[in-house]
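Below are structures written as structure tokens.
What follows is a pair of complexes built around chain A, which joins chain B in one and chain C in the other.
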Partner chain A sequence: MREHLALRKSLAAVIALILVLIMAACGNGSSNPVEPGNSGTSGGSVSAGGGRSISVLYINDPQYWVDQAKEFEGQTGIKVNYVSVPFGQLHDTMVTAFTGGSSDYDVIHVKDDWVAEFASKGFLAPLDGQITDDMRAGIGANAFKPLMYDGQTYGVPRYIWLTQFYYNKEMFDKAGIVAPPATWDEFLQDALLLKEKGVVTYPFADVMTEKNAYANFIVYLRSRGGEFWDYEKGVPSFNSPEGVKALQFLADLNLKYKVMNPQSVVYEQNDTLDNFTQGKAAMIINAPHTFGQANDPKLSKIVGQAAVALIPGDKLKTASYAETGGLAIPANSKNKEAAMEYIRFVTSKEQEKEMALATGRIPVNKDALNDAEVQTQNPHFAPIAEQLQYPYGIFHHEKATEITDTVSKYVSAAVAGRETPENALKDAEAEVLGIIGK
Partner chain B sequence: MIKSSTRATGANDRIVRTPRSGLRLFDWIDHRSDSFTAYLYLAPTFLLLLLLIAVPMVYALFLSLVKVGFVQGSIHYTFAGLDNYIQLFKDPHFTKVMTKTVVFTVAKVILTLLFSFGVASIIYFGAWGSALFKRLFLLPWALSYVVNGLMWKWMFNGDYGIINEILVRLGWIDTYKAWLAEPNSAMGVVLLADIWKSMPYVALLLLAAMQSTMKDLCEAARTDGAGTLGVFYHVIVPGIRPVILVCLVVETMWTLRIFDLIWVLTQGGPQYGTMVLNVFAYEQAFRNFNIGYASAISYFITLLTAVFTLVYLRFMGKEN
Partner chain C sequence: MDEALRFARAMKWMKKGIVRLISVCLMIFVMFPFIWLLLSSFKHPVELLSVPPSVWPKEFTLEYYADLLRNEKVVLALRNSFIVSAATTLISLAIGIFASYVFARLQFRGRKSLYLLIMGTQMLPAMAILIPMFMLMRVAGLLYTYQGLIVANVAFSLPYVIWMYAAFVRGLPYEVEEAARIDGCSRLQILFRIVVPLSRSGLAASAIFVFIGVWNEFLFAVVMTQSGTRTLPVQIAEFIGEDRIRYEMLFPASILSCLPVLIVVMIFQKYIIQGLTEGAVK
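What follows is the complex of A and B.
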């Protein structure tokens, strides 16, 4: 009898456990999406302490982002559940959440192309009604444009991830080069000189991976007068004489002149940056975090040697590529009000200034950007105004990731010498046309 | 048995049968048949299996038969019949992906089996160093695929990887090589990393089979004058044949659904050089939003696994 009682108790315990598990699983998240126009009925989920809470999906490098979230917690009492993933995994993490109907995240990182991709499917909440006049005045109406889709605003800009030309002054001095190159021809001559004089084995490193080669390819393409996409016709335009010339130049840097690090086909932005800061490359085209890392004695062997200039040009004086990094609220978020409070806080003038000082990122808030302290601490901000006078917009499309993945594969293959530039662009164009159904 | 002994007890039984509401359910259970009770006890497990395996499988099958669209954040399904499956065969990358999948699977399974056989034999025959080897050979199996991938990625790094350094010092290569930048060498690295991780499990199975069944037979063969090689070929190999079959089936299934290791090392590149079906399915689902198509690819992988398994059973399973 005692055995029987014990068994019955264990049976009851197992049934209870299963019920608890099922209830927990069912209670977590919701598959009922909130209409995009709905700004949310609750101000934030109630945490154990009785206050509101939000979940922020973002990166944690540098640590500043996490510290900023803590500061927000301290000032508002809204608890921030900070979920960080490496930038390379951010897109796929969000897609997994969106397609599963998850309401796990209240604030997410977006950039121009992701806005078009996500908003077109209704995954993002429009924010026009929540963006105050003060915010628009501080940030500037133009800065919002990259984060708009179909006439509505889906993100609040935080920084501009502008591609710039960085070079090592000391290496240039050793090679007897007196000024940064103004054209791609000068760039090649300088690279050959740096190699010939034994200053560095590979003077240049670039991002030519199968996922991200498209971005810098666009820079070379634009400076030669070409463009990646014809937005009027809605078709690719990279397969042009300018495109072939740009890709041939890149392939030649690697295969003919051997001035580009052959590892570039597997380098992401941080790899080229490491190459530069470890003194293995004299020139890179990279994002604003370059300057800070190059001058950080813990991370760099070239402290005080980095300098910045306009990206070399050809037909155009210069051209660039810039993402607008912003914050958005998923349509399924249950805490839109608190999420918007977080966005207002981190994009305020004071926080934008803090961000520029702590991370070297280019703030979108005009006052923060023009702040004397910010300008002094970030010499790489000096050429920004002129750089932004030339083409720099990011490619955006509802199928942006699929298109850029495809183009990057072919660009990378051409740089590695597995395809001729002509064939690579021709095949890439055909495949992209297939993707967009034309 | 338990139930009948319970019914035979006296005083305690009366206590349990008092009409307290919390116990009525158990009284009711007490009066069911033994098989009913057994099913009841198994029900939680069945329920979990249903939720975790059957439901996703059925849902994925459903997804593979529809076009999945997103409108205002909601998922919309349009019945597509076998369109997603037909799309796979029409995909310009299908031949390449399929070839890589088959080459990778066959090479990995055969090489893993051969190396595992070697490892198991070293330990079984007590070769020099086998005691230490016995204690260490399970370590790769304990690593996660992601950690394993990162480790090999660092070792094969083209700037500071230790493999490049060793090969340069040995004089086998002149300069550091970007191993993951070329399709063939990238495939080699992925194979090496996966074999290294899978080998301990297979070796353990083979070793257990050798140790549990062979000793008497080996001694008898030796008494009859067979040498070490004779014992190996005529006694050990036929004796562990059923375990080899199990290893083949299990390894093939695991290899066909490999994802994380390849994603960490190459993301399927360069130029589809390591793009196997499962990585291709991930790209379609989570980078390109083609959920229905990705589900069809997943079901195609299941079909492929069944084909591989049937081939093994056809050629190796006859006698077992």
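What follows is the complex of A and C.
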């Protein structure tokens, strides 16, 4: 009985405390909802201070993005409501907002495939009229192409997420290899040597998952002279002799030569990078953040050992794969003018340089990329100019995700030995044709 | 005779030993992910990433716990999670008590259909109603507020409370209520003086399950909150960045998010178990 009385008292106390907290919090929540400003003025919402304001949706890691927004506020007086979401949820958050008719965001982060997806549904505002000649000159017409849809520009690029070839110099030295491989044949010889000499069990790790194997498969395919998609006919072109050769090579690396980490079929980019930074792989194909992390003593056991080179080639000297990260303005935004001011600011040469120094991302502004300080701090930028002379564009299609998921599933199966490369590509092609209704 | 007795004793001890061994193995199997998480939360990133992984930290560090507690956004998210979870629990229970009693005791036309309809909402995947819910909240002006998220969570928790608590109410002897009616109690008096006190374990169990569910809810929280109203699961997910996964922050944050739930469950553990078994047999 006494126990029940005590329980009742403590429950009453807990409920009372909860109610007080909730009332206090909801009071704040309702009187000052944390909602982006969108009062409807054409040049920008009017904030409490009487100035304009915009809402920017992106991530907060690294912190640089948030600091950059603050710098913009300081220089222009336009208040920025910086909304960050986990990177993995960025796409779905935008889709929900746009489908739900929201006008909450004025500047959003886009990449090639998102532009095709969003622009085709009318979610984005065309920006051709607002992009100045200076912007085009600084960034270069080619860099805009990935963010165009149906002849119109929907995004302003600010960095490229370029796939590069990273290798461990010290491991190469131990195996007596004097230069990075220039061709896939040399790559295989080097890998076999590294394995034979016992330098590392699996010299190479790659992303061959059922979700993302398509990206690096495209790299191998391109270097052999093939292409993933025929944009003129609107049909897949990966099921070709070049495609089979590329996939056979990948399967052989794993099954015949055993130089590819067999875990590659479950590895994502982070995993291959971790493998490399922990000294468990001598070679990987990965994005530009690899270099910074490989040289961070808090994260890496191979500080000072990472080097970068052109991705090996075959028929072509090299080929790559790159996403373009850019900024766009949602069609529903009520602050398009202020939003464009923000985009002009963050894609300026000075800000691009700052970004490259702070985050290691590859700026699209040519002057920022070639800046001496930027190049010195980022030695992995050196081969970029040449790498970009060869095919690197991302695959874009309104149904890109569905198509790449399908191809990845079959590529992964071939690498794991569950299907022959010929059958895998044949089946993948048939399924993709079904997806696009051809 | 002595030998037979010794053999029987030995067999008995062996049986006990095997049962205990299996129990310990099962316990390790169940607890291992949590123990791994706990140990990992004290490691530096370079050790977290090492291949093969080490179980015991070579160097214990509290550095990332300190970083986490210094991070204003995490502290705010912790507070927000508590507000949303507690409010949802209280509201769900407040409405659920009446609804459960009605479905358990009152006979009216369409009772079964209505009950099935309410239960049917549980069958809908949350993803399917995410966009309609978002639109509704936007029109109602509740987007990015605590109230909006609480309302969304109540909509999903309430059927669960009704389903669980109604089972407890049905299990109570009706004669007690009849006696109370004879003594002059109204329906409301019966509910609050007889039914609720007698089924407090069921109430506690329902509350805990709703609280845990909302505490861990992610899907609605990620699209219906912003900086000021972010809940802990969403804040934790921000450690999964574009460049890398910040495991050194992710693991301590996960431990931190377990603690309040763990404390609540430990306090009310007795009532949850009692409640669950009562609900199961009656």
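Quick note on the criterion: the second predicted complex is superposed on the first by the 388 of 438 C-alpha atoms of A that agree within 3 Å, B and C clash if a C-alpha of one lies under 4 Å from a C-alpha of the other, contacts with A are read in each partner's own complex, and residues count from 1 in each chain.
The rule we apply is simple: a contact is a pair of C-beta atoms (placed from the backbone, for glycine too) under 8 Å apart; a residue touches a chain by one contact, two chains touch by 3 or more.
Note that the structure is a prediction, hence the values are computed from the model and not measured.
A.B. asks: With both complexes overlaid on chain A, does A:His289 touch chain B (first), chain C (second), both or neither?
C.D. replies: second
A.B. asks: Can A:Glu402 be said to touch chain B (first), chain C (second), both, or neither?
C.D. replies: first
A.B. asks: Going by the contact rule set out at the top, does A:Gly225 touch chain B (first), chain C (second), both, or neither?
C.D. replies: Once the two structures are laid over each other on A, A:Gly225 reaches no partner at all.
A.B. asks: Going by the contact rule set out at the top, does A:Gly101 touch chain B (first), chain C (second), both, or neither?
C.D. replies: It touches chain B and chain C both.
A.B. asks: Per the contact definition in the header, classify A:Asp92: touching chain B only (first), chain C only (second), both, or neither.
C.D. replies: A:Asp92 contacts both chain B and chain C.
A.B. asks: Just to be sure I read the superposition right, which of the two partners does A:Gly51 touch: chain B = first, chain C = second, or both, or neither?
C.D. replies: Neither chain B nor chain C is touched by A:Gly51.
A.B. asks: Once the structures are superposed on A, label A:Val83 by its partner contacts, choosing first (chain B), second (chain C), both or neither.
C.D. replies: After superposing on A, A:Val83 lies in contact with chain C but is clear of chain B.
A.B. asks: Which partner chains sit in contact with A:Ser412 here, chain B, chain C, both or neither? Use first/second/both/neither.
C.D. replies: The first partner, chain B, only.
A.B. asks: Applying the touch criterion given at the start, work out whether A:Asn60 contacts chain B, chain C, both or neither, answering first, second, both or neither.
C.D. replies: It touches chain C, and chain B stays clear.
A.B. asks: I'd like to check the shared interface: which positions of chain A are touched by both chain B and chain C across the two complexes?
C.D. replies: After superposing on chain A, chain A residues 7, 15, 18, 22, 25, 33-36, 92, 96, 99, 101, 275, 280 contact both chain B and chain C.
A.B. asks: With touch defined as at the start, can you tell me which chain A residues reach chain B in the complex?
C.D. replies: Answer in residue numbers: 1-5, 7-8, 11-12, 14-15, 17-18, 22, 25, 33-36, 91-92, 95-96, 98-99, 101, 121-123, 209-211, 262-263, 265-266, 275, 280, 331-332, 399, 401-402, 405, 409, 412-413, 416, 418, 431, 434.
A.B. asks: If we count contacts the way the header does, which residues on chain B are in touch with chain A in the complex?
C.D. replies: The contact residues of chain B facing chain A are 2-3, 5-6, 9, 12-13, 16, 26, 29, 40-41, 44, 47-48, 51, 68, 70-75, 92, 158-159, 178, 180-183, 267, 269-272, 283, 285-289, 291.
A.B. asks: Across the complex, what residues on chain A touch chain C?
C.D. replies: 7, 15, 18-19, 21-22, 25-26, 29-30, 33-36, 59-62, 81-89, 92-93, 96-97, 99-102, 104, 270, 273-275, 277-278, 280, 289, 293, 297-301, 359
A.B. asks: Across the complex, what residues on chain C touch chain A?
C.D. replies: Going through chain C, the ones touching chain A are 44-46, 49-51, 79-80, 82-83, 86-87, 90, 130-131, 134-135, 138, 141, 143-147, 200, 222-223, 226-229, 234, 237-246.
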